[in-house]
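Presented sequentially are two complexes of chain A, the first with chain B as partner and the second with chain C.
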Partner chain A sequence: MSKLPTPSRASSDKSSSHPGFAVRSSATSSSLASRRATVYDRNMNRRAPDLALSTFAFLFSEMVQYSQKNVKGVQEMENRLSAYGYHVGQRVLELATVREIKNAKRETRVLGLLQFINTTIWKAIFGKVADALEKSKDQEDEYMIIDNNPVANSYISVPKELSSLDCASFQAGVIEAVMDGCQFPAKITAHSVPTELYPLKTVFLVKLDPLVIEREKYMR
Partner chain B sequence: MVVYSLYILNKAAGLIYQRDFNEGLRKLSSNDYLVLSGTFHAVHAIASRISPVPSSSGIEVLETETFRLQCFQTLTGTKFLLISEPRQQGSDAILRRIYELYADYVIKNPFYQIEMPVRCDLFDRHLGAYIKSL
Partner chain C sequence: MAVRTPRQIGEDVWKTRIEKVNAELVTLTYGSVVAQLCKDFTNDYIQVNEQLDKMGYNIGIRLIEDILARTNSERCRSFKDTAEMISKVGFKIFLNITPAILNWSQDNKQFSLIFDDNPLSDFVELPDDGKAINELWYSNILCGVLRGALEMVQLQVEAKFVSDVLRGDDTTEMRVTLIRVLEDEMPVGDE
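Take a look at the complex of A and B:
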């Protein structure tokens, strides 16, 4: 009888080296970690130190590879990248508004909002302002945000067979989320316009919803 | 400072990138480039084995009357070969910088498949600009 517990203990020792057991032990350690300070305990106004560009580049590279799987065309892939950016934009808008609370106001005009995206949002995510903001000459409902060196594209060379793809669609998704969040529904597409000096130059074409144009007329 | 050409070999001795930086170099057939890189890979491997010093890194520099070949092997086994004029100084530093460019514009490019030939516009562009700036 007294000998019985011994083999059972030995078997439990053996199981501790088993990978299945290791998974359980790591689960308990992660529940320990969750008791430590979380992102919600941190001061919201303090800016986190800037992240290494390489970290973003590797993560984004994986995101692009993932979004390449089972897609039918370039359009669908851009839509996927844009959808990732949309999630970022929703959160960044919220955070930027909280941080800018001193001089925060609700943007009611298209131009004001685009300026806000051009400067505050761009700075919050990419640490620089976008290079230009232009209004389309022939289309009343189109604006263009121009970035000579979009961060998402920093290390990406698009192969020739996908030449119409612009991975900065991710950033277009960010803009779309911010505009949606401010009640300015719009469709944003990214178009790469390489120049000799800026091979990565991207134009984000903002096509406003007719509803916004109509509202804008009333406010004049 | 004249840099003649750059070769990048993957860890299986395959030539994944070759570029000449000076006009007037005699072009080899693509098969010859492969033979050349394969031969160097083999000699490098033998040299590291037969070296009297334990854990030798293999051939680092090959000096001849007409050119100087510097080899830089990364921890992952990729080799960078730089062929320059015989009295070239600091080839080692140049190769390290090229390795940085490779890590940035090739490895971080989502459309590059590892161990496959390098076809990245940004890498070509930045490499060209760097070599020109020397």
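Take a look at the complex of A and C:
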């Protein structure tokens, strides 16, 4: 994994998403570094101006089509999309943490972290806060993040035979990476719940690892 | 009505007719795609370049419609006009950049796009395996986009990167060559 081009300086390792320093060893890259400003010299607070939604939509559509190759079922397809999201989520968390460093606090409770995802993370990457955060009535370890209009689903129409597929699994991957990165391991799945008003509405079901539930009990 | 320059068209469309998203979403998603390809092709960067170009082509053949529908612009009279439209309208609308057009060949069939700023490669550092830096064209999807989009307006071109700041070059340069102007072809058996 460490050999992959990573769009941030986060290590690709699941568990450590703190701002680490890449070790530059080979002669080529050190001479390269001396020649020009590197990504490390960049001001992390500089936010790039917005881009067109169509740019994302075109790219996402290619991503979905590429993931469809040799896929064995809806489940596998969603896992692949989620893996793309995971990669994005790791970096979003790091960026958000670095940028908020002055008033950053370590979330120790599930609810606090979910609210952080619902607001800060969602806003940082999808440009708006998520529409709702709910706790499951029956299951102690389940929460729901609800987005009435997830950006990943804009311009996606799912064929009838794949009706259970929700391309917002990509966004589920983002949530999963953030939760993992904050040491709250959980499994996130996306479920489309179309309503008349919001045909693209998606519920992200957060199923917490038993370990997290146990820890919560100690903290009460 | 005065004829609008490509720059005016681009600015105008960008300001008024484009729904926007956070740039970092696009940047990171693209990074995620390239990283996945590197994994799938076990770091065979030549194949990664090809796959990116293919994806770009698929995007290009649909994206041109998006441009034409939004801009309502006239047919380009020369390849020079086309170059202007690519930079000032195409890149402006989709990536909010206007790469400089330089180094025209004598026969006006080749030019370079110089990218000062490239949203796709923000935050990016190529893998430190001594190979990627010589083989991977990180933003190669753009070449495919150009090839696909121009083919849909009867221009067969070749587009390829010749330098990239990610590789340690001073500039990021894409060379675009007009191969031929395609004729409108009648489908077989159609009168």
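Just so it is clear, the second predicted complex is superposed on the first by the 179 of 220 C-alpha atoms of A that agree within 3 Å, B and C clash if a C-alpha of one lies under 4 Å from a C-alpha of the other, contacts with A are read in each partner's own complex, and residues count from 1 in each chain.
One rule holds in what follows: contacts are C-beta pairs under 8 Å (C-beta built on N, C-alpha and C of every residue); 3 or more make two chains touch, one makes a residue touch a chain.
The model shown is predicted, which means the values in this text are computed figures rather than measured ones.
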Partner chain(s) touched by A:V64 [first = chain B, second = chain C, both, neither]: first
Chain B versus chain C as contact partner of A:F126, first or second or both or neither: second
Broader residue contact with chain A after superposition on the shared chain, chain B or chain C: C
Touching partner for A:V74 - first (chain B), second (chain C), both, neither: neither
Which of chain B and chain C A:S54 touches, first, second, both or neither: both
Touched partner set for A:P159, first chain B, second chain C, both or neither: first
Which superposed partner A:A83 touches (first chain B, second chain C, both, neither): second
Touching partner for A:P199 - first (chain B), second (chain C), both, neither: first
Chain B and chain C footprints on chain A, overlapping residues: 54, 58, 60-62, 65
Chain A partner contacts - residues on chain B that touch it in the complex: 104-105, 108-111, 119-123, 125
Chain A residues touching chain C - in the complex, by the definition given at the top: 3-9, 22, 24-26, 28-29, 31-32, 35-36, 38-39, 42, 47-56, 58-63, 65-66, 83-85, 87-88, 91-92, 95, 124-127, 151
In the complex, chain C residues that touch chain A: 14, 18-36, 38-39, 43, 51, 55, 58-59, 62-63, 66, 93-96, 119, 122-130, 132-133, 136, 138, 141, 165, 168, 170
Residue ranges of chain A touching chain B (in the complex, touch as defined): 54, 57-58, 60-62, 64-65, 68, 155-159, 162, 167, 199
